[in-house]
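Two complexes, one shared chain (subunit A), two partners (subunit B, subunit C).
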Partner chain A sequence: MATAIPIQTSSLSQRKSKRPLWRALLFLAPAVIVMMIFYFGPVLWTFYISFTNVALTGPTATHYQFTGLRNFQLMFGSGSFWQAVLISLWYFIGSALIGQTVLGLLLALLMQRANPVVRAAVGAVVIAAWVIPEIVKAFTWFAFLSQNGTLNTVLQSMGIANPPAWLFTQPLLAVIIANTWAGTAFSMMVYSAALSSVPNELIEAAKMDGATFWQVLFRIVLPVIKNSIMTNTILITLQTLGDFTLIYAMTGGGPGTQTSVLPVFMYQQAFSFYQLGYGSAISLILLLMGIIASLLYIRLLNVDL
Partner chain B sequence: MTARVIISKGVINLILIVIGILFVVPLLWVITAAFSQNASLSVQWPQPFSLESFNQVLTASNGFAFLNSFYLSIGTAVATVLIATVAAYPLSRYQLRFKKPFLYTILFATGLPITAMMVPVYEVYNALGLVDSLFWTGTFLVASSLPFAIWMMKNFMDSVPTELEEAAWVDGASVLGSLLRVILPLMRPGLAAVGIFIFVGAWGNFFVPFVLIQSSNLDPAAVTIYQFFSEYGMVAYGQLAAYSILYTIPVVVLYIFSSRWLGGAFNFGGAVKG
Partner chain C sequence: MEKKTKAVLAVVSLLATGSLLANFVVLSANATSVKRSPFAGKTITIAYQQFGGGHQTQIWLSSVRGQFQKIYPGSKIVLEPINASENEYYTKLDLMNQSAKTAPDIMVEDTFLVNSDASAGYLMPMNKFVNSWPAWKRDFYPAMQKAAESTNGTVYGVPFNTDTRGLWYDKPLFKKVGLPVPWQPHSWANILQAARTIKAKAPGVTPLWFYSGKPMGEASTMQGFEMLLYGTHNTLFDSKTKRWVVSSPGFLNSLNFVKTIFTQNLAEPLQNALTPESSTIATQQLMPKQKVGILLDGVWEYSNWLPTGPAPWPKWNSVYGVAKMPDQNGDGYTSMSGGWTLSISSKTKNAQMAWDFIKLACNKNNMLHIDLMDANVTPRKDVAAMPAYKSAGHGILSRFASFNAFTHFRPAFAQYPSISNDIQNAMENVMTGSVSPAQAMQQYAQQVTNYVGKAHVTSVK
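Now for the complex of A and B:
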């Protein structure tokens, strides 16, 4: 024991001498520099160029001017901007709120009581849809819903002579269903993990007292996993807010502008109509929505750092 | 078991099977079309069964697209893991006054939609002459992956006891030595989880290279596959499907590998609390 004491003190002094501030700064430097220049830099740059008339080509590509709030006046006065906001909202409500969260919760609840083989198989299929790259998901759904696609072939074989070209008649519904399919696995996994933390005794006790399935669900299960539901919803919100690839590759934002969610609208303004400044003003709105959702998320997570 | 319980179990399994079928049906086309000689947009039994589409897809230029993808994704994953590990060390082990605001900023940054940044990123890259380079495209991917990677890495590092590291110091190890030989081996699953996660994200990313890369010979597979689809009036569906399968394989293999081998390391790094 006597020899152990000096080792202890030397360890303590070592701890001090081995943790100088300069080393912390040195270790953090690469990350900070890369994030400053390539991540936070563009965010700040968004603020700046959204107040300019910078264009992709033409005279204002290099000699652009500060135009104050003009982009924002244009944006808030433009019918197509508000239409994009509305389309984004429908897309979000349909695919994220109703689709992914409800279907995810339903799957998680059903899987708790399912046969292990069924659970494993269905879980694998749902996760497979989530895992494959977004662009492949887009082609898959394009093929499935095309005029001569699988869905219509099935419908015809069932006796429906002229099924519609879904991507033209119901484009928004098509991308909502595709995104529900593409993202439900995440919610399912989150809810499965949360449900496994609900004490079984609580549910059994409630059942003994004669509670119905719905009473158990709404009075016990959902309140216990409330935090998971909220954090999951915010994570999905953030993800849905930035969705571009699935919609762009499935419909190109069309037909017309029927599926032009904000990111697609932003891309078109910036790179098809060459208005980078205007596109940045739209970016700024998207970023602000992201910032609000991120702050809510941190608040809900209630992390100890 | 009462009859009622058996029936309700049966109904539950039946509903799940139906949902599973609904999930798998859209995917069937990719597989049948890839192996079919005259693929259309609809699912049909590959008749005659043929590997011709794969053969046609395996061209030199498509091979380069895959090499571009590997370069971009492996480079992004390795650089992110390296930088994030080094950054996580002081965040896990030091008592720093700026630690809390720094970590909050990191956590906050994980949520920002990258899509919203692409217009200004293009502007910045254009001004600095960085557009049309795989290296600089990867640099943006590294920068945007770092917040999440640092956050996860710090959490993994927190679970390695400080005493082990201090014991190594007593034995004469340097800080870097103890980090490399004591801490990192113990958080190998964490390192792999972060690396795989970043790789998969970069591999599947379409929008970033779509905006930042202009020369078609530099495009990664995520972008060439799209051109495949839009440039020709008459799409060769069999080839598109075959290409999709080849492009998806690395990601699926990594997910299977990671869920088997890493198990619990993939808990979203505490992203969602119960």
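Now for the complex of A and C:
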């Protein structure tokens, strides 16, 4: 939004009259100031308190000190932190890479060839899952998978006497499926849009030369839409890295720590154990991971495809 | 006909206007007398937790608000319920307490946070208030007064309820399998022996329901682990040296007990233990079906089965009896207590009014009201002696109140919630068999040491 506005203003001013730059800046100033206060303010504050021992209660709630890198030392020395990193990684591989990217692309490819009725029906179903608010998704899945939930009721009616308590026996898989279900529509839409921009002549020409389906896909279609793939993967990665609501409402991070991804771990440290400084330090690492992942994609996709 | 109707209408409207006017005159007369009440025009807010179906605190506080406004016309009391589970209530309250704009004047405060919230500067010292209140010295149990004090003896709240824990056991089942009724075990071995008997002779019944592991949170630590640990004469915190005890024989024995009951199937199956629903499954689903032999839990459980509770069960009293939790080796009994206080915010502008409200809310009759509604152990001796209290819950409430004689409190420090979490971790690792009790204790020691620093931990050999 904010980047779109100045471009528009400057192009307009070029076309119509030579208005000075300061006027544009003047009109932008309120938005920029509001952004600074409400967006960068909290980020900077979080950055600052991640180097302190500030807590929600106890003596360091009001009289906290600058403790330098102590929070980070604690974090890197803590088994629970590394466990949370590992769980986040599995969650990301399962629901973002395999789930949303691959499934989304597959759906988009299939939808291209489907007849309009099927396309509309599938589209409606998938997008319906996407527009439902996060917390409703979480409760829907909880109701579906819990011990006396829909799935087990169906299984019991089919004669399976003691179906497992899914959220207890397969918690990580359960949240991965739920997140895939929730996010695939977004990938599908991005890929559908991208696929429709692949020039048909190019594909026809390749087919004439005897290329197989897979050769067309990997040599022509994917390279053409690589920018969309990159954008989509970055967006999904950031969404999945920061996913909290879905997991917290479905499993509370448990049983045990089996679904304690980094955001859940951070929440527990900051708000269940009152260590605001430590929690902020974890959030900083989370931010860093997002940045690194994004840079990595940009590099990978430029080099390989 | 029409004329008649019109006439009636006219008379009615005249009467209505007249009475309205009369009301107005009375109201304005009241308004002038209001000015003379010391708290006229003043407002205090009260924050408390409200979650799920229970509105007991709200009913109690609204009733006190009515009484207060009758005594002090013109004063305004705003009830501020916080809809959140227990942990999230603490978080919300602490966030509110950070600014004078959002801090409530009075708050319902958990005793185990009194120390850390006081050291954060959120609470107002109340010594001068309670010292001028005869009921404080005369009627409150000394142990309960201690629960609302900081380590240096400053009073930060008036406790209005507390609780104790013990063993609920199924009397008909005990008779059926040949165990004595009434039952009173004198050591952990006695409990294990009873559980083994139930397992052998009553298949399909959970012999001993014991909260353990992370999903049950603080219930695992307090109703589970600490009920064992404090019966070994080791503690979590050494109050003399002011250090956390990270390893001790009692700690190890407690973990061994957990391992025994879960690996020998004397406790509930893991999937019933490792779910936040564990307590609901036990008390609302299985106990009314008489599928639980023994439950180690708090006094409040019978409120589930009252006509107003979530699982009404009129017969509960003829089925479940209560026994004291024995020490490990038969040298006495143990229990754990928590409870809630009414505290005043350090940021309040109307401290006197807040105090007068608390004094009223915690007088004999109002406290009886809340303690009966909540099925809680009362902190007042005179309330405990009232016939209405003695007969409550068919005498169960009084029985649990007698556990006050040997009960313990948790170490009320800011680090406690995180240490409690480490205990739940240790329990869970042991009950699922992923590590041995000794390894689990070692991991616990490591975690706590990392967290509070080497200078603040100690070991007992």
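Following the convention adopted for this analysis, the second predicted complex is superposed on the first by the 265 of 305 C-alpha atoms of A that agree within 3 Å, B and C clash if a C-alpha of one lies under 4 Å from a C-alpha of the other, contacts with A are read in each partner's own complex, and residues count from 1 in each chain.
Here is the rule we go by: a residue touches a chain if its C-beta (ideal position, glycine included) is under 8 Å from a C-beta of that chain, and two chains touch if they have at least 3 such contacts.
Note that the structure is a prediction, hence the values are computed from the model and not measured.
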Touched partner set for A:165, first subunit B, second subunit C, both or neither: second
Partner chain(s) touched by A:218 [first = subunit B, second = subunit C, both, neither]: neither
Which of subunit B and subunit C A:59 touches, first, second, both or neither: second
Partner chain(s) touched by A:271 [first = subunit B, second = subunit C, both, neither]: both
Comparison of subunit B and subunit C by subunit A residues contacted: B
Touching partner for A:78 - first (subunit B), second (subunit C), both, neither: second
Overlapping contact positions on subunit A, where the subunit C interface meets the subunit B interface: 147, 271
For the subunit A and subunit C complex, residues of the former touching the latter: 55-62, 74, 77-79, 147, 165, 168-169, 252, 254-257, 268, 271-275
Subunit A residues touching subunit B - in the complex, by the definition given at the top: 7, 10-11, 14-15, 18-19, 21, 23-25, 27-28, 30-32, 34-35, 37-43, 45-46, 49, 54, 103, 107, 110-111, 113-115, 118-119, 121-122, 125-129, 131-136, 139-141, 143-144, 146-150, 152-153, 181, 190, 193-194, 197, 225, 227-228, 231-232, 235, 238, 241-245, 249, 263, 266-267, 270-271, 276, 279-280, 282-284, 286-287, 289-291, 293-295, 297-298, 301-303, 305
Residue ranges of subunit B touching subunit A (in the complex, touch as defined): 8-9, 12-13, 15-17, 19-20, 23-30, 33, 40-44, 83-84, 86-87, 89-91, 93-94, 96, 99-100, 102-104, 107-124, 139-140, 142-144, 146-147, 150, 166-167, 169-170, 175, 203-204, 206-207, 211, 222, 225-226, 229, 237, 240-241, 244, 247-248, 251-252, 255, 267-268, 270-274
Residues on subunit C engaged by subunit A in the complex (per definition of touch): 87-88, 90-91, 94-95, 98, 113, 116-117, 119-122, 213-215, 271, 274-276, 413-415, 417-418, 421, 425, 428, 432, 443, 447, 450-451
